[in-house]
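In what follows, a single structure is set out as structure tokens and then discussed.
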């Protein structure tokens, strides 16, 4: 790390899909900056705000008691036009006009590509903070919002179990995570789901209607009439949970119902885990700026903090834990167990 | 009311779609019966249990600390075959073999039709208790499970609002209630939804894609960029929320996302309202039995209790409150207001 | 009701202990007023704001998406000095200076006494809206905030039951309601508490340490080792739950632990019930003002709306439901039941 | 690790204060054992069950759908008499009579001392699993129940903030953790509390009434009238939160209210984090047994699993994160910040 540098003014944006805890992170950036006498500007709606020069000052007054709310007080957006070179140059001009020393980008891989793109056209420091419910960024054990999204999915799965048990029925709950099965795996594990259809597993050995039907029937043979709850990551089945439910009904001659959690997974009160993570990373981002660091994502590793070059966050792959997958798929699979028993 | 009769043994079933609070009602039936020295039998899986003679004894031990859980410890089911005359006769034989004096049926209109059907073939007393999240039974201000279902829908709508506000987006949340808009109206009102598509309103003046698009654009004109959240009752749109979202995206050229709450609305911890309602109605059902009453549903009216002949519960229509609809559609409609202002 | 009057500007305050749903009520007042082209001013911190002329304009922008939050965006306070005649005159001068036609006071009995007091010194219309978690106002089935407070207390009691069952222990949970046992009764009923100590019952036949010990021992005789959870209304025991726990430990030689929910009962996301109630009453208050009505509280009765002269709201007594008390104390009391059984 | 050993029957107990997630851990032990054809016995009420030979068989049927509930289906207890040598010998005889190869003890430091004590009198393998909300065991990043307890405390603190903000008031919330401030620190950080009184900080530099009053007044000077919320670990103030509230009222001449969360922190639905942690550790405990390991606690370290000799878990000290403490106490302290600004 380089020695401390005099920073006078920094900017912050939230970009891409919003994630619970982004507000806690904004608060941490502002409170830490204020502690060191650094001014904070926010650009609203992510990179769109940088392009439109849509900004506001942030001090303690703006961020007092926002850490308990999801969403982002400075709004977020996806920006297609920022991908152009001229756009990054325009953003750089706006940042310079405000005499910004460093920019904190809270978002996911698309937002970090944007940050990297900007850094080729702007001299200021750029620090990324992982804010995405998908948890799919290499370089941080967790991302801001992931814990809350899992809790929301688990809560829905618990509710589904209540009625599934009352009626001995089959349910499919579609969760977020089109490229990564973290939410799917964690919520399946936390709720004791009988089956999970995740991108990583589908890529390896795709499930078919026939194989799912076979498993459901086997579970019901082992357990007697009982509930069966499946977690399906979005975009892993043509027509999604709605279509899969129809296909299973046709084959099982039993009611089988879908549930699409959709964007509920982006809202709700952030968990303590997400608030604390967001707070730590917001603080760390400002500390890194004060140390003259640029071009990295502030993340966590174990109990500590970690920095990863921005490009690595999307170029390197963060895989699912094999330990976790094995527990769900092998150890806890009632059908395989019954085979062992025979 | 007739004078008190000596009752020695009663039976209870939960039938049709399960509803949060059914367990609290079972508990109340058992504790009240036990207080008066009456034995309680449960038949499992609703009318199916009556036909299969699938029964169990219930005493305080079985119902201690179950009132906080959704589902039903004696399972529920829908029974097509019970509609036959021979089935009702078979059930009557089973009830008589157990020397049952009276049967408590916790369920919705289909279950009450079953109870009415049974009463033509069996001499014992039959009391219905309104247990359905749909709240569509004439003769009771509320039904068991409705309050919890509204809370679940509202909770999802709140979460959607968080992300909708962060991104200025349009969302459609599909809720239960194919024949009655109670859940839709209450959850829309409780969450401040901009639009609701309910069976009662669709029958009167159906919304079209064009009219919805016009309203969204008008709201955005009045408010500036902003979120727009719609509540859609199930079966009120061809293809449901998923299809409507696609149609709106095509027209608005803005992301518009669906969310299907599905059976999450049947689960979760019952609200205090549902637990107390279920408790009161379970107690009341046993008191009515002791008074020799039969063929009615035990319900509430205002602060008090009320009884309604079973057939009236589905023949008479319980409408939405016009006061409530007017508030959501007229008073709180930002577009109409802006017209007034011009 | 008198015929409609032209109202141009109204004011609103929240006064006394805050209650979940107050924000939803403020929103409803503002949206309804805006619908009719009426301006709304808020005075901040209740009557203190009237005295200090601490005011702000409220329009849709201020109240958009506040209905999901507890607290009050216009702050509340208790005001001792407002009880003086000169204070009411000062308030009247401030109201007149702003050309206020009518004042909506959202609060409890103390706030309504203030409203009544003001009405002797000011010519404008005054409408009360019942906003208090205690539910102790005559003239409305429910008050805003009561439902949420009960849910919070029940949630704590459920959590206590989890650990009480794991360890077979005795717990005392102290809830709000020093003059009225509504929260205590409802939360005890909703959670299946073994005992409740409420003001109304203590006035009638006070429990002693000896009688409580006797009941605990009797319950444990009937049920075998088991949990025992007590609900205690605040100010009903010298030294509160902390002291009672010590006294019971001394006598039972078993761990007995207290829990003081305190002001958690005033916070949290308002229930759907409170949000809808608050919305309806806010709308109704403005409708009453437009009809020229003054000096009443806007409340509910059964499914409908009701008005009650302000003085009656505190002079007449709203009692606990005897039906509810009997269920908890007689029907569901395991000890009495065991006597019956002998 | 030693090579795999043939294990035929294991036993499991939950001991000491119960913690949310214990059921998920029991389930994991049973499902994993079943996968490998190992029988599982539970002894009820912790070591008391070992002494009283109070046991039951556990198979999948017993543990299906218990992971969503707090408490422990096999009950827990603290056992004073187990500390005697004769007691451990008696327990060993009971274990041998059942031909138990290994014992899994889910509990805290007291329970692990018991396990260590037992291992001097019994030849079977003993594995500890950290189940305590206090998170005070050396050798595992987290303990089962800690995450849920923090969430419960944070939830209460959020509710308190709602009303504190509405009324500009001072509140003290007493949380668990008499020897370790983990719950206090995490919940303070997650809720943005203005002050925390933790065992570790009190040992270093104890706060006095005067210093607290000074800080409250300074915060109110910096922020204007505002809320002030304090987190107090139990047993860190004579008379607890109730007494401290009285002392502050005397000095501040402002209402200051206490709240004792008590054992609510041991109940409620376990978080996804606790369920997954409990599941992983339950699986790991059985895997360790199959590897012939004994005398260790199964814990986590970073993303992986870790084992620690039982005695180290209480002999070595797990400290609070200095990074976290600094954020709360230095960076985010509005008073110190104002000094910097002067």
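Chains: A, B, C and D, in written order; residue numbering restarts at 1 for each.
Throughout what follows, contacts are C-beta pairs under 8 Å (C-beta built on N, C-alpha and C of every residue); 3 or more make two chains touch, one makes a residue touch a chain.
Just so you know, these numbers come straight off a predicted model, no measurement behind them.
Each step here moves to a touching chain, and the least such steps from chain B to chain C number 1. For the pair chain A and chain C, chains touching both partners: B, D. Chain A and chain B have CA centres that are 35 Å apart. Averaged Cα coordinates give chain A a centre that lies 28 Å from the centre of chain D. If you average the Cα atoms of chain B and of chain D, the two centres end up 39 Å apart. Of all residues in chain A, those that touch two or more other chains are 158, 161, 165. If you draw each protein chain as a dot and join the dots that touch, you get one closed loop, with every dot joined to exactly two others. Pairwise, the chains that touch each other are A-B, A-D, B-C, C-D.
Listing the residues of chain B that touch chain C in their complex gives 27-28, 31-32, 34-37, 60, 64-65, 67-68, 141, 147, 150-151, 154, 158, 161, 165, 186-187, 189-192, 223, 226, 269, 271-273, 275-276, 279-280, 283, 301-303, 305, 321, 323-324, 327, 330-332, 334, 336-337, 340-341. Of all the residues in chain C, the ones that touch chain D in their complex are 14, 17-18, 20, 22, 69-72, 75-77, 152, 155-156, 158-168, 171, 240-242, 257-268.
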